[in-house]
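Letters A, B, C and D name the chains as they come in the text, with residue numbers starting at 1 for each one.
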Amino acid sequence: MTNDELLALTEQERAEEEKYSHRIHICTGTGCVSSHSEKILETFQAEIKARGLEEKVKARQVGCMGLCAAGPIVSIQPDGLLYREMTPELVPAIMDSLGGEPFKDQLIDTNIPFFYRQEKNTLENAGLIDPERIEEYIAVGGYAAVVKALSEMTPAEVIQEVHTSGMRGRGGAGFKTGLKWSLVAKAAGDQKYLICNADEGDPGAFMDRSILESDPHRVLEGMVVAAYAVGASQGYIYVRAEYPLAIKRLKIAIKQAEKLGLLGQNICNTPFNFKIDLRLGAGAFVCGEETALMSSVSGNRGTPNPRPPFPAQSGINNCPTLINNVETFANIPGIITDGGKWFARIGTETSKGTKVFALTGKIKNTGLIEVPMGITLREIIYDIGGGIPDGHNLKAVQTGGPSGGCIPAEYLDATVDYESLKQLGSMMGSGGMIVIDDTSNMVDMARFFMKFSMEESCGKCIPCRVGTTMLYNLLGKFQAGQATRWDLKRLEELCDLVKNTSLCGLGQAAPNPIISTLRFFRQEYLDKLIDSEKTGETVE
Amino acid sequence: MNSNPVVRSFTIDGIQVSAAEGETILEVARQNDIEIPTLCNLEGISSTGQCRLCMVEVKGTNRLIPSCATVAEEGMEIVTSNERIDKYRRMIVELLFAERNHICAVCVANGHCDLQAMAQKLGVTHIEFDYLHPSFQVDASHPKYEVDHNRCILCGRCVRVCDEIEGAHTRDFRNRGINTLVITDFATPWGESQTCTSCGKCVHVCPTGALAEKGKSVAEMQKRRQFLPYLVMRREGAK
Amino acid sequence: MALNQKRIAPPSDDRRWKLVDATMRRYGYSSQAVIETLHTIQEVFGNISAESLAYVSGSLNVPPSKVYGVATFYNHFNMAPLGEHVLSVCTGTACYVKGSGQVVDWIKEEYGLEPGQTTPDNKLSFMVARCVGACGLAPVIMLDGEVVGRLSVDEMKKRIKEWISYDK
Amino acid sequence: MTEKIRLATIWLDGCSGCHMSFLDIDQRMLELAEKVEIVYSPLVDAKEFPENVDITLVEGALGTDEDIQKIKKIRENTRLLVAFGDCAVTANIPSMRNPFGADATLKKVYLEHESLNQQIPSEGVPALLPQALPLHQMVKVDLFVPGCPPSADTIFYTLSELIEGRVPDLTTLSRFGA
């Protein structure tokens, strides 16, 4: 595929689009599918046929439009109307309204901060294109980055562009992507591997799933560019088996890209070869950790190994391996086509670009959002999220999942960037953002996360295997009002041990939910001590 | 191989030492008679860095690294023991005692147990965590040996010696986290294992009384590990 | 190294083994294909039986203990067959914040089932899911795969009761 | 003459082996007797645990609700409470019933393994705790002397040091199980 061929395809696809006076987009992300959006799609198609409008109106599946709380969502293009909580029964009414006055009952006001305060980059096509058709991705400028990188840039130039962008890994830790790529590129070895980490295990986060379901080609494109930059010939997407829709769409996307010569042998008629295979995760949070992920990709128990050696030196089959997360790869096409400088203009000094968050919990506008780095938590929660429902008050925001922490309401004006979240005892994480109101107790919250970490501990190292269990049990003592000040001291000492001596990131971060709630909500722990222990501050 | 081997100089507890290319901190420490505690590591089988007892501090970094799995680097200043490290080590040993039912008084390995000796050396006089008291069956189906999971610390020595030295890979772990358990074959009773060669290596590398010869009474199970360096030497010589 | 290149026969003449064979073939009978093969087995048989583990071990030349270790490491694989009906409660954080923990406790009490257990009559299995990804509908339960969400805890209990009594 | 140190020893859920080992200090008992007065012990006659005890050696785990009452009383009246031997330190042998629970243990012992007069005793005996516990899970313990039993030398050394007001270093002298 050359640039001209890409443009020709784009022209053809756009002409096809313009044939229709209206295009009806039905969200088929997992959230909306759960509320039967596929049935709505079928009903629209049947209705169009019944009315003899096949030439004028087209109904199609698209990816996530973000406002999951109001799903199933239907949008009417080119009018840009959005309808909430659609049902098959409402389809005739919507059809009647086409070209006339919008159907008021279900209309969503798009002039609210939820929409205009967001800045979509990795999600720019989500909800606009059919994720199962490569042509639609190409028509909105897709695969231009692959063509540009392969025909106009050297691998070193590609890496330089990623350096310039200042992009940091979106999987959680925030390692500089350009640096990671250059390490793999420099590593000696003929065979190199590339892995896309789509084992999104953080409970309450669905950013990666939405990207894969809504715009799978975007991720493939980022992977091809990365493979070219570091010299990898084999790639894997390690995706959760619990994401059947994402898997299905990735399989379709890989086939389509191979057919057009954008993947496989001699990509874009150059000598560059790159193959992508899927590997299905099987339900182990620890496999989000790089070395555990590689064990799993190789068909083993997903237990981590000490680093060094880092995957960049010795990964799959002891070859240099680049591992990035879905959202990281999804950012690459934009960096290549529009340039690293374009990317770097968004965000803060140290955190560039936009970040996708799954905004959930006690908040009005539950859903998937993409915001510029540097935005404040207040803007996210009160502007975009619409605030706390049912007259309750905000208590804390939890980010970083079981590895993160709870940020109390008084820090709402903190900005969302890697450093400031870390300073507040939490972390960026992969993008789960759970809003907690005043009905939740923080000891309960901490124990909820500790149960998760305990059950997800691989069992290899002692501090994590036994330590998380002991922490869970200790928190149980607090919940039952049986804890003493001595238990509180033990709790803190054990957090310190698990954090500093566990083998991998899962264990090292497992105490964070306790450490952060002890820091900001200590009184809630003290309130749960045995009565006789509540007075007096000293522990012998 | 490298005709001009790189030698790395660094210090352990202030003592100047040197390491050949690829040698770990633990290996160098042993060559220099500097003791670093460990329960999972055993010379002759691979290092996995899982017991976390051999964690040492790189001076000035506050960061702990597993000495068994970290290759020495030029100029490193290693601290093998200080208040913080010692406290962590004691807590790790306590966690092990609390995890299963280690009742030394009635154990076949009493007096010959690495865990018991480690507790004594580190000054662990009691366990401050609440015991978990899990319930395990003893598997005595093998004609010569038996396994008592109550004493197992999941160090994986038996798994590795069986895989790496004997080549049978009869043992592995099942489940995960706190439910991890060493198994033979498809969690088959040991005596019915199709792959076990009954060589007994696992019994002798086991640091505790979890694996023992049958017929041994309390404190009678002495472990013999002399075979290991010899087998490793033979194997490497054969390459 | 050409020891034992002969393929072993499937445990039975059930045609579904052909699908399992196809997966192994696609990966060239590589020892790295254990997880993919187990996925296929679970997909076509519903659970991973002892005989299927033996078949994977023999076919891919992976030691039995290793296959067993892999199969039991991952949550997704279930060794015992599930009951006729499956009630699954999402315990992701978003659902937890909205009360899914209370639903789990209630099911434990009401039906005497711990997560992962099946009633003795094999009618009902109770599972907890990590996060089904429908956080917008939290709290979420799945009744035989059908997602039910956006209900209060009490409404949820009522819905489950109805669903269970409907079957009996 | 300075006042003698008031020493108590008690035997809870244990086998008395630690007390036997104590007796094994033989003639050194006379040396001790010059410095201490045994105010309460299976070896002497006192019926009630006295007040104002300097050192109490507690053998055995906490196995019953009566043990709990006793240890609390001991703690209230003792300056230095010593967990004496493995049962006191780790719950040791008594804890072997813990994985099964109190009910199953009683059934096994009094019903299944008994051919005559099968019944679980309930009168005149204290109720079994769900789990046998080491002392420090209920009260603060000042010194732990592991061993099953600690040797006579260890016991003598420990007491001698305590009498002199020093903290004995037991690292090389005692360990779990021996």
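The rule we apply is simple: a contact is a pair of C-beta atoms (placed from the backbone, for glycine too) under 8 Å apart; a residue touches a chain by one contact, two chains touch by 3 or more.
As the structure is a computational prediction, the values presented were derived from the model and not from experiment.
Peer 1: Which neighbours do chain A and chain C have in common?
Peer 2: Of all the chains present, those in contact with both chain A and chain C are B.
Peer 1: Per the definition at the top, count C-beta pairs in contact and tell me whether B-D or B-C has more.
Peer 2: B-D
Peer 1: Can you check how far apart chain B and chain D are, centre to centre, with Cα atoms defining each centre and the answer in Å?
Peer 2: The computed centroid separation for chain B versus chain D comes out at 34 Å.
Peer 1: How many angstrom lie between the CA centroids of chain C and chain D, rounded to a whole number?
Peer 2: 51
Peer 1: How many Å are there between the centre of chain B and the centre of chain C, using C-alpha atoms for each centre?
Peer 2: Each chain's C-alpha centroid was found; their separation is 35 Å.
Peer 1: Just curious, how far off is chain B from chain A if you go by their C-alpha centres, in Å?
Peer 2: So the centre of chain A lies 39 Å away from the centre of chain B.
Peer 1: Pull out every residue in chain C that's touching 2 or more other chains.
Peer 2: 66, 69, 73
Peer 1: Where in chain B do residues touch two or more other chains at once?
Peer 2: In chain B, 128, 130, 172-173, 175-176 touch at least two other chains.
Peer 1: Going by the contact rule already set, what residues in chain A reach two or more other chains?
Peer 2: Residues 284, 301, 458.
Peer 1: Tell me, which pairs of chains are in touch?
Peer 2: A-B, A-C, B-C, B-D
Peer 1: Spell out the part of chain B that touches chain D in their complex, as residue ranges.
Peer 2: 97, 101-107, 110-111, 116-117, 119-121, 123, 125-128, 130-131, 133-136, 219
Peer 1: Please output the residues of chain B touching chain A within their complex, sorted ascending.
Peer 2: For this pair, the touching residues of chain B are 48-52, 55, 64, 66, 69-71, 88, 91-92, 95-96, 98-99, 128-130, 132, 153-154, 172-173, 175-180.
Peer 1: Report the residues of chain A in contact with chain C in the complex, numbered from low to high.
Peer 2: Against chain C, chain A makes touches at 30-31, 34-35, 67-69, 71, 201-206, 209, 241-243, 279-285, 296-303, 358, 360-362, 366-367, 398, 401, 432, 434-436, 440, 448-449, 458.
Peer 1: Can you list the chain B residues touching chain C in their complex?
Peer 2: For chain B paired with chain C, touching residues are 163, 168-176, 183-188, 194-195.
Peer 1: Using the touch definition from the top, list the residues of chain C that touch chain A in their complex.
Peer 2: 30-36, 38-39, 62, 66, 69-70, 73-77, 91-98, 101, 129-138, 140, 147, 149
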